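Shared chain: chain A. Partners: chain B in the first complex, chain C in the second.
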Partner chain A sequence: MTATALPVKSGRVLDRLSLRQKRVLWAWTFLAVPIVFYGAIRFWPTLEAFALSFTNWNLLRPAAFVGLENYKRLLVDPLFWQVFRNTFLYLIIGTPVSLVISFVIAYYLDRVRFMHGFIRALYFIPFLTTAVAMAWVWRWFYQPVPIGVFNAALTWFGIPQQPFLRSTTQALPAILAPAVWAGLGFQVIIFIAGLRAIPTSYYEAARIDGVSEFTILRRITLPLLKPTIVFLVVFSSIGFLRIFDQVYNMNFNDPGGPLNTTKPIVLMIYQTAFKSLDMGYAAAQTVVLFMILLAVSLIQLRILKDR
Partner chain B sequence: MANIVLNNLVKKYGNTTAVHGIDLQVKDGEFVVLVGPSGCGKSTTLRMIAGLEDISGGTISIDGRVVNEAEPKDRNIAMVFQNYAIYPHMTVAQNIGFGLYTSKLQESERKKRIEETAQILGLEKLLERRPSQLSGGQRQRVAIGRAMVRNPAAFLFDEPLSNLDAQLRTQMRLEIKKLHQRLGTTIVFVTHDQVEAMTMADRIVVMRDGHILQVGTPMDLYERPADIFTARFIGSPTMNLLPARLIERAGHHVAELDRLGASVALSSAGISDAKGPEVLVGVRPHDLVVGAQAGEGGLCLSGTVSVVEPLGPETLVHLDLGGTSIIASAPGKIIPKAGDHVTVGAQAGSLYLFDSKTERALCRM
Partner chain C sequence: MRFKKMIAGLAFGVSVLAANAASAVEIEYWQYVFESRVKAMDQLIQKFQAANPGITVKHTTFPYAEYQTKVAASVTAGQGPDVVQLFYGWVDGFLAGKLIQPLPKDAFPHDKIEAEFFPIVSAMKRNGEYYGLPTAVRSLALFYNKKAFQAAGLDPNKPPQTLEEFVAAAEKTVKRDSAGNITSAGVTLDMAGQDHQWWREVLVRQNGGVPYTDNDRKVAYDSEAGLKALQFYVDLQTKQKVGLAGFMDEGQAAFKAGLAAMTIDGTFRLGAFSSIKAFEWGVTELPADAKGMRSNYASYFANAISSKVQGEKLEASKKFLAYISSPEAMDIWLKAVGELPARRSAAMTQENLSNPIYGPFLKGLEYAHTTMFVDEAAQRQTAIDMVNRVLIQKQDPKASLAEAAKTEQAIIDRAAK
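The block that comes next holds the complex of A and B.
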């Protein structure tokens, strides 16, 4: 210590650290809690699942290493390809449909001043409702007359009743509908926030330039909403790729049926792991789902970087 | 090219009235600045001219045509916004060209117009850049470019310089003035900055609480303010106002300054308008000079220096006159010390007299 330095009580470890070192220490003290938590709850089990996917563990016998056996089995499993197809159908239909509907609602709701908060709440309530309760109500909607409202409406118009959940072609869209409906509130809120973030002077300048509503939408609103759209596309894609509770509860007697036409990957993993107790095989399926989600996330980063 | 006429223009928001029936005539090719504190209705007035706000009463005519119900695009005006309103996802060329989006020009003609505009504004090397790659001044020029490219009859500027730093503001002020001299288009410019108003305007419109207080050339407003508000608003630093009483002494009218032991002799002109004996004597800091002799009919005061602000060419001297503070000036090289006792004087002819009750100007003296 030089003679000009301020007098500092020596001996305490903290006092001997530089300001920068103290800041780093503080930062890591706070970061330690989430790091330990995520390490133990998220990352460690993830790594375990990778390891497990190379074994034939069934909970009773000790796990034996089987190499890529589970993955080979997956490749030739017709059920897996059926499930793979279903999962992507949920994604490919669900994401654009839900985004278009929620954008249209947000676009017009943003201009409504009358009971704006109330209407927005109406759209948001399904997002807060438990999937189980919602799925059961929608199950009733799809029942034949006299229980089901949809079939009642169809017959009223003179259209034959539809099997909905009991049809191999109609069941998947029938399950997708409440899933889309449930997510709308959230997407509408995010879209409105995105729309509100666009300065009104952009629209005013366009009005003075005499540009039409449609051109404003296409040339100004949508390009400026791109970050919001990218976020919602990725967020809802991940949601549809992981769809489970709607499917599980809508066809309660035969989850994923009829004839596996509505079964998504997560349900297959659940059944493989906890019905067949085939942990290694389920882990391999989990790894595949992980890879798909990772790929979607990477595409998201790509699109964001284009800006 | 167009003249703009406002006739008894009113704007109401529910029960509150933002603009109280104002009348204004902007001549063809004139540069008119609406100036006033926030909430005085200047921006609302501009937005009504643009067609972005509905009109609650009165009429707006552009080039002799009443445009109360015309869409903004049908008024042949262009507007430059405070936050520029240039689109971040478009290049400079696309932004400027957006003004021509609805025009039925050939692609080549459109390109020519964009290039000509860019050239006038010195943007020709930046045409392919995005707004995020431009400085504040360049963005402002793009916004002006988008307004210019359509050859509008009039430009409306809504506080376009307030997002710029002080140096750029001075520079853009000059550029806009030059542009006006070059294009000769009618301009209505809104600002809360009296310096902008003074330096750019052909005529200034001073507004407060939805009323027009005074309309005149910059020098008109500086030399002959109609009331206390305009007197204090125009000119920097602000005019000193000293409370006084009108009395008659030996057959002459005199304004005696309260508690200061000073008085100013008055000629009788103008005093007859006074509603009572309470008046305010106004003197601009530039006219109140440290060490100067007041002379016949002038004002002489003495006090203690509280703060000194040397500006280079002159020094602003804040004085404490036994509880009243005023600002005087001294030539640049004279810098009194805080605590010094000094005498300041203003010549006859540089003083203003206002009625305390009505706040209206009575006379110069």
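The block that comes next holds the complex of A and C.
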């Protein structure tokens, strides 16, 4: 609005403003673009979703206000609790495992000079690959003989073949593995950047004092890497809480199966909304997911920053 | 200046549109994207327009995944198609949303519909009105790999006709490695494919039960018959070990790769299987039970007139709908898509019945049932889960069956609200 109004009155209004005011005006003019964009594309629909969660809209009928009905239904829906558990399993297993692996890789890769760039690129390539394509390839890896790579290897060693994606206990880790692998490259790069940012003078001082490598790691590297770790923990937690592509594509004919043991909240939302067309109920699930994401992020920021 | 020009341009455009509208009616037809169906419809539209100058049909398609959402959203907003394609199982939803209107009786008299179409069109009837008519229908049959039959010492021209023969053929054709792992299945077990329909409308009935009562609003398979049907199905993996759920990921993939001797699938799979070069395959009717009783599951996409259509557009839509449900259109559709004509006279010709591929599917139509789903995806899921509980979690089939019936009843009850 300000942008279009400016040229008309430029002669009078602009001259009267102080330099500071003009700067503020400029700043807001530029800021208005992303604000309007985000307001219209992100925040407005978010608010709409909140409103929708109190209705029984199913796309075909006009929406009617049902109060907290959807939330009550959610509380007693055993599927929701199962999905809730799955989502946190993705988070609780996925985040630490991926962080530890990527830190170890970054820590040693940082010291490697030989073909450093090439090795780093190798780790980064999976991150560039489409999750869907990757999920389909891994899905075939997990198949029973005669086509599954993993099971072919197992039977070759005389070990009985494993059901992997067709098991209620193995399916979730089996889906998590490519997800962790895919995110590794990004985390390694961030860790290396964090490691490089630590001034070498600290290390030199420690070496002169004759401190062991482990103590250097524990007392210097890790504490100084804290901002990087905080960023990666929050970033990857949100990623695992929102996991979808891998799950949906790896058990394509029974998404989230078998028996819902791999179904995350996002997939439940998708199915409620676009398969059962139960928009109100799906909106309520979305609100719950939003709350969880918010809470987890805030808690993590607190714990990891203040200590 | 520029603004004035724009206005002028717009005014011109509007006047052109108005002029066109005066001389010709344009109606819009919507269906989902499936290459052969889209091409067949283009062909039908061309013929229709040639026969009806003054009516043009605009053909719009969407990916299947977003099709239903798009139709609902646009018709509710007063936009969208005049003639729309919908799955028979969506009728209740479309009616609740007031998206479609009853077929006008002058153009589509009920006695004629009932006399000429297969009885499964009754799934489009609500409160004494028909809400749509199909061009083509689909049914199930048993596909078998002739090469695998021959290799196992079976006559490739004598596919199994009863369940007993079916199990025997599976036992002969299955191949296992030294550890007992299946390397080539006798029969595919894929509940997420068509097996859930086979179980529901065929196996349950063959064991003396019915899957539902009360217009498919009451689940009735939690019975002795349902249990026998489930036991028969899971035994294929656990007892006879002739198939493995999840083998080659999907049943149709296993069959296509030549790693399954038999699979149960529908007419819509003919296109995908027609590209098989490595072996010859055949089709036969779904196996009968010991008493010779057969059953089948038929489904279809129907075409309906959307609720907003009236006046001359309604007249044009009626003509178009009548054409695409005519015997001529059905014949074109059969040749282009491979789906069976929905009219008896167009389907049961000597030529079609003696066709080795269409024949078994057509015979199946005579005794087919059509499940009135309220939420096909969710109801299919209950069947998938029922079998998974037995196969993966080793749950007692009786308990699993009861749980499935309870879950599915809850889905139906919720939809009825």
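By definition in this document, the second predicted complex is superposed on the first by the 289 of 307 C-alpha atoms of A that agree within 3 Å, B and C clash if a C-alpha of one lies under 4 Å from a C-alpha of the other, contacts with A are read in each partner's own complex, and residues count from 1 in each chain.
Operating definition for what follows: a contact is a pair of C-beta atoms (placed from the backbone, for glycine too) under 8 Å apart; a residue touches a chain by one contact, two chains touch by 3 or more.
Given the structure is predicted, the values throughout are model-derived calculations rather than measurements.
Annotation: superposed three-chain arrangement on chain A; chain B versus chain C shows no clash, the two fitting side by side.
When the two complexes are overlaid on their common chain A, residue A:146 makes contact with chain C while staying clear of chain B. When the two complexes are overlaid on their common chain A, residue A:215 makes contact with chain B while staying clear of chain C. Within the superposed three-chain model, A:223 lies in touch with chain B and out of touch with chain C [touch as defined at top]. Legend: residue contacts after superposition of the two complexes on their common chain; A:104 is shown touching neither chain B nor chain C.
Once the two complexes are laid over each other on the shared chain, residue contacts for A:75 go to neither chain B nor chain C.
After overlaying the two complexes on the shared chain, residue contacts for A:207 are found with chain B alone; chain C is out of touch. Once the two complexes are laid over each other on the shared chain, residue contacts for A:199 go to chain B alone; chain C is not touched.
Contacts of A:301 after superposition on the shared chain: neither chain B nor chain C is touched. After superposing both complexes on chain A, the closest C-alpha pair between chain B and chain C lies 52 Å apart.
Judged by the document's definition of touching, no chain A residue lies at the interface with chain B and also at the interface with chain C. Taken together, the chain A residues at the contact with chain C in this complex read 58-61, 139-140, 143-147, 155, 160-161, 163, 165-168, 253-254, 257-260, 271, 274-277. Those residues of chain B lying in contact with chain A across their complex are 50-52, 71-74, 77-79, 81-83, 85, 87-89, 98-99, 101-102, 146, 150.
Listing the residues of chain C that touch chain A in their complex gives 65-66, 68-69, 72-73, 76, 93-94, 96-97, 99, 177, 179, 181-184, 190, 192-193, 244-250, 259, 375, 377-378, 381, 384-385, 388-389, 392-393.
Every residue of chain A that touches chain B in the complex is listed here, in rising order: 199, 201-202, 204-212, 215, 219-220, 223-224, 226.
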